[in-house]
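Here subunit A shows up in two complexes: once beside subunit B, once beside subunit C.
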Partner chain A sequence: MTTLTNRPTSAHKKALIERLNIFTALALGVISAFVVWRLALQFLPQDAETSPFFNREDKITLLSMIAWFVGFMTGIGALIAPFRWLTGKDLSHDENMFYAGKDMGVKRYFRYTTDHKVVGIQYLVMTMFIFFIGGTLAMLIRTNLGNPEGGWIHPQAYNSIVGTHGIVMIVATIIMVTGPFGNFIMPIMIGARDMAFPRLNALSFWLIVAAAVPLLWGQFLGGISTGWTAYNPLASQAPLGMDGYIMFICIFAISTMVAGANITTTVIRMRAKGMTWNRTPIFIYGTVASVALALPAFPVFFLSQVMSGMDRALGTGFYDAAHGGSGWLYENLFWIMGHPEVYVILIPAVAALMEMAPVFSRNPLFSFNVAVLGIAGISGLSVLVWAHHMYMAGWAPLLNAPFMLTTELISIPTGMLFLVLVGTLWRGRLWVTVPMASIFALLWNFMIGGITGIYLSDVPADAFLHGSMYVTAHFHYTLMGAGLTGAIASLVYWFPKMTGRMLDKKLSWISFWMVQIGFNIAFMGMFAVGLAGQPRRVEGYAAIFNRGNLITTAGAYLIMAGMLVLLHAVISSWRNGVKAPMNPWQAKTLEWSVANPIPLENFDVLPTVTSDAYGYGKAKS
Partner chain B sequence: MSLDTQKSPQWWKKKDVKQTFILWLILTPIIGYVGSTVQVRSMGEPASETMESVITLMSLFTWVASPVAGLVAAMCVTALISKRHYGDNPPPEAENEIRNSPRATAVWIVISALLCLFALITGLVVLQKDTEAISDAAAMNINVTGQQWVWNYDYPNGARSEVLYLPVNKPVVFHVTSVDVKHSFWVVQMGIKMDANPGYVTETAVTPNKIGVFDIRCAELCGLLHAYMQNKVHVVSQADYDAWVSNRATMEAAA
Partner chain C sequence: MSVETHAHHEHPDVVGSRNRLGVILILVADIAFALSMLFVYFYLRMQNVNDMWLPAATEETPAILPLSSAPGWTVTAIMAVGLLAHFYALKGVRNKNQTQLNLGGLVALILSVVGLVYQFNTIASAPFTFGTGAYTSCFYLITIMNFVHIALTVFISLGNWNRSRLGLYKADHWHVDIVNVWWIWMTVSSLLGAFALSFT
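What follows is the complex of A and B.
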């Protein structure tokens, strides 16, 4: 920041906050990383004879990445407001309005803008971009698996692609609903003018941008050859790209925690007058459950990676059995995050579809209380099931039975979500649209994902299934078949409010069918090879698995084509789609009561809520 | 099975309820049959009792889950074929306002809890059997050591090999460990798996009951050549095994 403040002020006296944007951030980040890299190279002592290989390189890499992070966040302006507050000169009203992006046009999307609608759009574009990368990597994997010998990708690169696809998609699915819709729609839905902590909101977004660079950087330092789980001790012998993963997770975990605290506070404190918990839309419950689950989960993830980084760079032995540590410690920490995390992904997507079900069936939400109980039950149980990922780890065989119990108990609240969805459709007047079709798609995919989950939760069956392609197919059915389906439906549903235009109907239908059919082809094939005994994360396989893999690859290409159609639909409709009316779906939640385009602070007069948003249907006389 | 239990005393006589019921009767066995047959066929021939019980468990769970899946499917189909609306404008409101149905909800929750309990108990029974097998005193002990990217097997008489040989119908306990990173020892057709952790020894047990050649694969990403960290297990008669293992031990001693 000093380099910038020392500049002579220009003629029209632009304040510092007006100068900062993504370009100053990139510049400062790169310069800081470069300077620290040179300094570290110069001054860090050589490794002692006794220390493991690459120790010094790890220190240099991690220090440079931290410097990038600090430089980038300074350059984007994240430190200005705290700094001003420290010096006792808090931001003026005009400055706050500038921060909110008042009268700034397109530029506000490239700045540290605090308006929740800008952050929502930033998240939306970011999510699509991450899906594009993760999808490209998936296509590389599937293409390589087109024939048994693996083929044209080197095993090291292949392992790295698998790991990067994993972590990139996990991040994309974590932010795909709570990022765009949780930020853009949620505050309007509860009748608020902005989030509780608008600056934290901007912070959570720009942290993800800052995090992305170390991950990309790592790809040029040997990649993430450990899979997204980055199990130790494999991670401690992995190339320098692993440090990129560690930095990425640490920064992303901060982003998730910040967003979690912000969204939770907003919903608890800022609901409109009269919006009691009974009148709060179910999507809000889903969003809060998701981000609140991240609050206990992600600090553990952060910690696990800090310890992993220390093992690599400082020669500690947290995860090294030879130095008194244990790989099981890593596995525990990882899955204490890892299992709540799948519900962080799934719950908001299902809740979004529960929000849409009444709108498109013109029927009230069936049993609101059961829906809330289901979400709460899943969230509560999900922190108690992590060791079902470790049934076969040999860590604590006596704990297998209790973890089997907690895991299978989750099927009860999950069943409640099915009941709510089916009950809402029952005797409804179904408006055949992509969101409505998505509800059926979710029921289909999630049913398959859920039932296969029961086999996997059973310890004796898991002794066969664990670590096979069956597991991969199972979690794609839940996270993609249910989660992504919900997210795409949300995009179709809220697109008119977010962009002021309707999403092209024909193209979104074409995309829907291509993705759903392709998806079911791809992952049915994957179930089959998993049952036949193909392990996960392999770049070559026995000839007997060839047919199943070919089917999966063909399905994957169909998904890719469908997703490209969707991308085209989004871009073309955003640019010149049909102008959307204020409430195209005739829905009753508050976000549809504001005009297009939405004014800066959403509501002139804050609304008062007198009933829930599900007053559809005619009561029978 | 209808949700509309409150308003009409004779809810089971309604057309959509009857239709759903018939669909449910048709769909449940189809789902159960297709789901279990396809999966069992994909799994191939079992080579141990452990694997046989895995197969039984999976088809049992499929059959137990099929009434639930069948009901959801039947209700979806009924909802989908009864009142649909196309076009850009919203349909008129539904003719009813079903906000809740305590009876349907209670039935749903009780049934799902019972199914859950059933899955748990069956699982525990089989798990208990698998656990007892590990402490079988009469079993043969074999040490399995994973290293990037091969398996080594040490037999009681001091023999060592890279391809596993086992006598048929004799209980075996594997003591699994690793010298470098984490691997997972998976004897595919016998339905057992145990992670090989550096610094620790873990156990798993099986009794092979078929003579033949079966697959062993590493089921935990362990670096560059993880995909190729696989070999075979030869299950042979006791006499063949004795001959092989003493021969092997002599070779070992000579080398």
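What follows is the complex of A and C.
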């Protein structure tokens, strides 16, 4: 690494920004947390006898976690630019180039690097890591459920594993498309040199790293025994591990808001000349819809957790009926975020597959306007359906009917997206690759996920099905069967552009079939036991459900094996794979017009767009 | 997609317009947050679960009486005057009047500090604790969040004034425009808090 060129180098003294990296961040975070923990232990007064349980301990834990967060962000260098702005000493061109990771090699991946391609790769690796953790927890759950009496995991630990698996997978699926591909591919696809706010881009990534530690920390303080929804007042009575969940969500929500503002601004303001809205690729619509939906939704989640933290640490009574609070308040705040979040996950994954459908069918995208309308319709309706999660909670029975209506209405714009996919494939010259097969897998899985969702949206049917394994199978069919399938297809499709190597074809096919077959075995089995009445989130169950659970567990092992094959394919191809040509799929979007490896600022001169990206099947296309 | 190429230069107005949109989008998130707080306040007030919005007196504890909303409106008034001062500064930079820019920025900074101290005093002198009913919980939530907002305003105003003083806004003034957007939202969010706390 070289020192900044505009600084005197005779003393060989490094500037502050050159010294900061993930190791200084970890060190400062740990030291800050330790110091605050010791000070809080020393100086915080003991609770009065009337205080709720854990009150002082909660204060100490939350203060230590906040100190970790501030220390980590300071140590990674996130605060340098704001304070330089404050003092009027803006970053110089050389310093900005340093932040962008110019000529820094592999070290740039461990720094507060602003280049969108570096951030995209960071997100990709982090997403794979989070899926690895979440998947491991899933295998613990399924192994334990192989036996009706429960197994070798303590019930309290089992509860925590279920809750942690849930929140870890939700976060992984939220970032799995907009993180890696929204950051790496999207700016090039619209013909921009970088994101609108490169430093905010780095901030959004490092916030997630900072958030992960409190969640991990919480596992050693009693874990998350409430399930991923962390319903109150249950959460206010849970062990100290709940504070880790609260901190995790608060920091993650800030990351999501920052990323949402950044991606939306980039698309609105930085599209290439000539890229009108009609010529903007459908993947961009999906990405923007996803982050724009998250922008107003996640602050509500953030608030719900701030109040949860205040209830635990300060003794407020937002969710405690004895103090004038209400558990229904939490449920409303949670699901006002929680249902749009499903579409935050789904829309970009489906949009990515809509982007690939014309490429591998050599047909134009069928009815671009219907695709955009479908995305807009889902986004709009998704904020009006939250109370279908509360039909049986007794919150507002008179509102069940209108919420049933809005929920069932959402199947119309969803159907539009199906129509676009099927219409694009119709009479196409299909090039059967993993992304193409993933489109068929999505149509199958999402159809099952969608139709079973209609039953759950129906109040009388939900009275029987709610809280059962049927619900668990349903949302896995949507989030995993549709969402994750789209994300893996995106990985295969954009891997050559992101790494300069082709993803191993044979291994990716093996992985595809293992995951898809395993997935359908696992969750069909889960539908069966759910319909037969097995409740979800239980550690043991009646012997009559044993066969279905064994089938599900066997399917889960097949998924795990398939995912490990994919992981091996990614690592081996990245290291030794066949070098990728500039445009291996003969696609027409802008990211395929830049050479491998992609230059720091993507384009020597910015492109001007003169037609849409879907002119396949036409003369000279 | 067919492409041609052209040379690329960014005008400060383009950068300013981009930054302005980014800040407005972040404010969308903040507005959602503020509206959620109002929802919490009015939801719990209307529910009045177990008559614990404002708990009546018991043998051990006195009744909880709502505070006057005057401090909330006072903070709003301070922020509104700060906004006017910042408008004055913005007008100055648009007319290339450096003195007006500096003076308006300084007054806005001083008022943000005054607002911060006043808001802190309101919180510190409240005659009840966090856990004495839903009203008190909401009171602390709204006032603490407003305190955090004003603290951010102090940081931004300090940077804005310092940069004005150093003459960094001679060439273009989109920074000052954007700080003005923040001030507008700060005043509105204080007003929303005061409005809610007026309904006890």
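Just so we're on the same page, the second predicted complex is superposed on the first by the 606 of 621 C-alpha atoms of A that agree within 3 Å, B and C clash if a C-alpha of one lies under 4 Å from a C-alpha of the other, contacts with A are read in each partner's own complex, and residues count from 1 in each chain.
Definition applied: contacts are C-beta pairs under 8 Å (C-beta built on N, C-alpha and C of every residue); 3 or more make two chains touch, one makes a residue touch a chain.
Everything numeric here is computed off the predicted structure, so don't read it as measured data.
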Combined model on subunit A: subunit C and subunit B, fit or clash: fit
Which of subunit B and subunit C A:L606 touches, first, second, both or neither: second
First (subunit B), second (subunit C), both or neither touched by A:R269: second
Touched partner set for A:S326, first subunit B, second subunit C, both or neither: both
Which of subunit B and subunit C A:M447 touches, first, second, both or neither: first
First (subunit B), second (subunit C), both or neither touched by A:S593: second
First (subunit B), second (subunit C), both or neither touched by A:F72: neither
Touched subunit A residues, subunit B compared with subunit C: B
Which superposed partner A:G260 touches (first subunit B, second subunit C, both, neither): second
Smallest distance from any CA atom of subunit C to any CA atom of subunit B, in Å, after fitting: 8
Doubly contacted subunit A residues - partners subunit C and subunit B: 321-322, 326
Residues on subunit C engaged by subunit A in the complex (per definition of touch): 1-8, 14, 17-19, 21-22, 25-26, 28-33, 36-37, 39-40, 43-44, 47-53, 55, 129-138, 140-141, 155, 158-159, 162-163, 165-166, 168
Contacting residues of subunit B [partner subunit A, same complex]: 3-4, 7, 16, 35, 38-39, 42-44, 50-51, 53-54, 57-58, 61-62, 65, 68-69, 72, 75-76, 78-80, 82-86, 88, 90-101, 104-105, 108-109, 112-113, 115-116, 119-120, 122-124, 126-127, 130-131, 176, 180-182, 184, 186, 188-189, 191-195, 197-200, 202-204, 215, 217-228, 230
Of all residues in subunit A, those that touch subunit C in their complex: 52, 82, 85-88, 90, 191, 193, 196-197, 200, 257-258, 260-262, 264-265, 268-270, 272-273, 279, 295-300, 302-303, 306-307, 310, 314-318, 321-326, 329, 332-333, 336, 588-590, 593, 603-613, 615
Residue ranges of subunit A touching subunit B (in the complex, touch as defined): 150, 155-156, 159, 162, 225-227, 229, 231, 233-234, 237, 321-322, 326-328, 361-370, 392-394, 397, 400-401, 404-405, 408-409, 411-412, 415-416, 418-419, 422-423, 425-432, 440, 443, 447, 451, 454-455, 457-461, 463-464, 466-468, 505, 527-528, 531-533, 535-542, 584-586, 614, 616-620
